[in-house]
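In this document, chain identifiers A, B and C correspond to the written order of the chains, with residue numbering beginning at 1 in each.
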Amino acid sequence: MQALFGQLLLGLVNGSFYALLSLGLAIIFGLLGVINFTHGAQYMMGAFLAYLGLHHFGIGYWPALIVAPLAVAVIGVVFECLMLRRLYRLDPLYGLLLTFGLTLILEGLFHHWYGNSKYDFPSPELLKGGSDLGFIYLPRYRGWVVVVSLAVCFGSWAVIEKTKLGAYLRAGTENPKLLQAFGVNVPLMFTLTYAFGAALAAFAGVMAAPIYQASAAMGSDLIMVVFAVVVIGGMGSILGSIATGVGLGLLEGLTKYYYPPAANTVVFVVMALVLLVKPAGLFGRER
Amino acid sequence: MRSALAVALTGLLLTAACKEGAEAPKGQAAQPATPVAAATKAPVVETGAAKPPTGNSIKVGVLTDMTGAYSDIAGKGAIVAAQMAIDDMGGKAGDKPITLVSADHQNKPDIASNTARKWIDEDNVDVIADLVASSTALAVMPVAKSKNRITLLSGPASSRITNEACTDTNVHWAYDTYSLAVGTGKEIVKSGGNTWFFITADYAFGQSLEADATHQILAGGGKVIGSVKAPFPTADFSSFLLQAKSSGAKVIGLANAGADTINSVKQAHEFGIVPKQQLAGLLVFISDVHSLGLEAAKGLLLTNSFYWDRDDETRKWSQRYFEKMQRMPTMVQAGVYSSLMHYFKSVAAANTTEAGAVMKKMKELPVNDFFAKNGHIREDGLHVHDTYLYQVKTPAESKKPWDYYKLVKVIPAAEAFKPLSESKCPLVKKT
Amino acid sequence: MTPANRRLAGYVALVLLGLAAPFLVYPVFAMNVLCFALFATAFDLLLGYTGLLSFGHAAFFGGAAYVTGHLVKDSGWPPELGILAGVVFAATLGGIVGGLAIRRAGIYFSMITLGFAQLVYFLAVQLPWTHGEDGLQGVPRGKLLGLLPLDRPLAMYYVVYAIFLIGFVVVHRTIHSPFGHILRSIRENEPRALSLGYDVDRYKLVAFVLSAGLSGLAGSTKAIVFQLASLTDVHWHMSGEVVLMTLLGGMGSMLGPSVGALLVVTLQNYLGHLGSWVTVITGAVFVVCVLTFRRGIVGELHALLKKSFSL
């Protein structure tokens, strides 16, 4: 029983991280209608930039949390302006394929430069160590991941659902022409939304670096799972992604306890089942 | 505009492809300067079965993982090691000039067997080296056998290679799952680590590693009190480590490799499992320790066939390698060099490249180089030599870059590998 | 020459080129191209002509490869029966997955097929007779109908070529039949097809099963040619690769997927030594293709020909 509690707590830890990871993907899809496959590569770049910053410029963990996402956001802006922008009016399939292609380019380049090794990025002194909760020893850094992930998730959700800026964003999704007529710079808004999504991915990458280390392939294994989380939650539903992320973490934790070999597969089975019962995902509305 | 681009692209790709096919070498190609140049050399366009080796030249093919999970333990380093072997022979074995080709098998057995076929049929490759990832080795061995060419395996681990799947044109050079289990499994039990919990990568390699180690542990009087099969690949091992912790076993055996090993070791520290429980890595390469850093890896017990800082000879060779790669060699990369040198010497001695005759010489001649002392190749194709149990140093013990291991025990060749009497290889004559 | 004649002449030239191929290029390479060309053609039946993007076609391709490999290697079946069993397996699996997935449209359809494909991948890792990541190795090629030994490269090539032509003709017949026209009408305007009284779901399902079965044919043939079935064939990368081939060559055109398969296989085969750069180049091809010629190479060529001959 004690062991099970431990597993559930770990599930919660991983789940909140899934929520953070899927957030950017959900925002970009919800507001731009683009399935951003590059999310995994942006996550990887976040972790790598943190590592490179530390080793070449002595930038520590705390500044890296800001600097790396900003840098990735800039790359995102360039990509959005030069390429992605042309595809908004087309089938989402093309956005998916374009971002998939970009992912291959980025991962190939990082692999060429850094090989397949993992690059160590230490966690900050403040967050080293951990505490014994009786049924489990919880590293402090993992606790920090939960707190930050949930804060960022609900913060983003509040901005998009409860503020005027969020209202513009949502209006831009429904009817860009009308909003433009009101004098809002819709293309700029779209660009910034994409940049924000990319920055979130990179932020998750920096958060992950002390646990999983930076490696060129770190995003490609994860992207499918995160993708599934967003689909189960209902594509574009931010709250749905957050809830599903946490739920999936718990489910995965239980699977790792009762039938470990299926831990990587369970999410996809759940996805297929959910879509058959609820066509637009758990929290989505049909478009 | 678009259409023009489309046409241009098609044309470009097709010409690239055609060039490869059309540029038929006249006689034997001159020795290329770099591995990459070697690999771009053209294949001969030809149909039908493999051409017999011409006999007056040697072509080496290094088939390895250049981009995937094993690209650090083999990859480019394996190609560099092969080129070093050729250079050290002065580009010749006896009077036969040696050339090198290389390719990426991406850890995919179909690509590996396809490339091997093409190499043998079109490029007249005589010997294929490395083949890291057991699945690719098992795919290429029968192809090479059917076309009477030699395979020199340094990368793969599976003990099936010299048992159920053995061929008489193959040598398994560096290590196998059995030798890893003897070193790490048996020796740790002897030193008191008698209860084990396995975290096993849920694929054929992980399972055979666990099975071999379990065999050794039980034989030594130890007990395996549990195991968990982690899907491959896994990024987060916390759940499995927790299960290992609550089992109360003295030793946690990591029957996994590469990124999985790195993740599990690192997270074992994170969750305060070390030093209460001992970690035993069943397959750890020096590149993994380098990635982990000594702070995380310290105390880890592991079995290797080669360590760069073992003696003067290994240091000398490794230093030369380091100058080319800026990394110390793994046992796979050193194995590629060593196996090719032995092959070249055997070709020179046999004065032919015909696989049967060369294999006979290879099995006759003892192996004595920086890699192995008094090694010999058995009839099942296993290269038997001493292996070493090492412990990873603490940061304080480490005096220079890449100073990572301290020797715990030399495991003599006679104990390090599966006895011939237990071999499941049909080539072994039972008496 | 009338356009119809010109088309016929083009096809005849291509068939002849196929006959001559093993004398021009390495036969195993040609067989590899043909297997993927058939796979992509079968895939395009669903994507290009029915408008359904399956992201799980590796399950049919690889699943059939495993079934064929297992029956031929472990149960000693002759190759033709092994291939047939692979096709039946893929079609049956297609019936089950398709039956569930076609209830949803767009990205949701893709995701359901992906989910099931991951399940098949899981089974391929777990089942004892698939041998995990080692795959099924050393599948014997055997003798076709007990007569023709397939370990001769030329014999094997012409068998593969015949299988490819059969598959190609089946797809060609399908899309040029009344059934094919209904599929296209579904792609163009589903509500309209529905209102005209067509049982849209049934048409989609038949197209799905046909596509799955032919993908299985490609996979089974590949298992015999390469004498192995491995996890590569069932991994989602394979599902992505077939999308790339189809898109690059031109979806919704009969020859497009084959051209795409030729290019992708060539790229992987002849640039393999470049390591990471292959990934970069593949990605760049994707990006250029999506941004500049979305109709694919064959689609753009068609448009070019139409413009210059104003047909």
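Methods note: contacts are C-beta pairs under 8 Å (C-beta built on N, C-alpha and C of every residue); 3 or more make two chains touch, one makes a residue touch a chain.
In this text the structure is predicted, and so the values were computed from the model without any measurement.
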Highest-count interface - the chain pair sharing the most C-beta contacts: B-C
Most widely separated chain from chain A, with each centre as the mean of CA atoms: B
Interchain centroid distance [CA atoms averaged], chain A/chain B, Å: 36
Cα-centroid distance, chain A relative to chain C, in whole angstrom: 33
Touching two or more other chains - residue numbers and ranges from chain B: 67, 71, 202
Numbers and ranges of chain A residues touching at least 2 other chains: 111, 261-262, 264-265
Residue numbers of chain C (touch at least two other chains): 125-126, 275-276, 278-279, 285
Contacting residues of chain C [partner chain B, same complex]: 22-29, 32, 125-126, 131-135, 137-138, 152-154, 222, 226-228, 230, 232-233, 259, 263, 266-276, 278-279, 285, 288, 292-293, 295-297, 300-301, 303-304
Contact footprint of chain C on chain B as seen in their complex: 1-3, 5-7, 9-10, 13-14, 16-17, 20-21, 36, 39-40, 43, 45-49, 66-67, 71, 76, 101-104, 106, 108-111, 113-115, 117-118, 121-122, 134-135, 138-139, 142, 158, 160, 165, 202-205, 207, 232
Residues of chain A touching chain C in the complex: 35, 83, 86-87, 90, 92-94, 97-98, 100-109, 111-112, 224, 228, 231, 235, 261-262, 264-265, 268-269, 271-273, 275-276, 279-280
Chain A-facing residues of chain B, complex: 67-72, 75, 202, 228-231, 233-236, 238-240, 242-243, 246, 259, 262-263, 266-267, 270-272, 287, 290-293, 296
Chain B-facing residues of chain A, complex: 2-3, 6-7, 10-11, 13-14, 111, 115-120, 130, 132, 136-137, 139, 141-142, 211-213, 215, 217-218, 221-222, 253, 256-257, 260-265
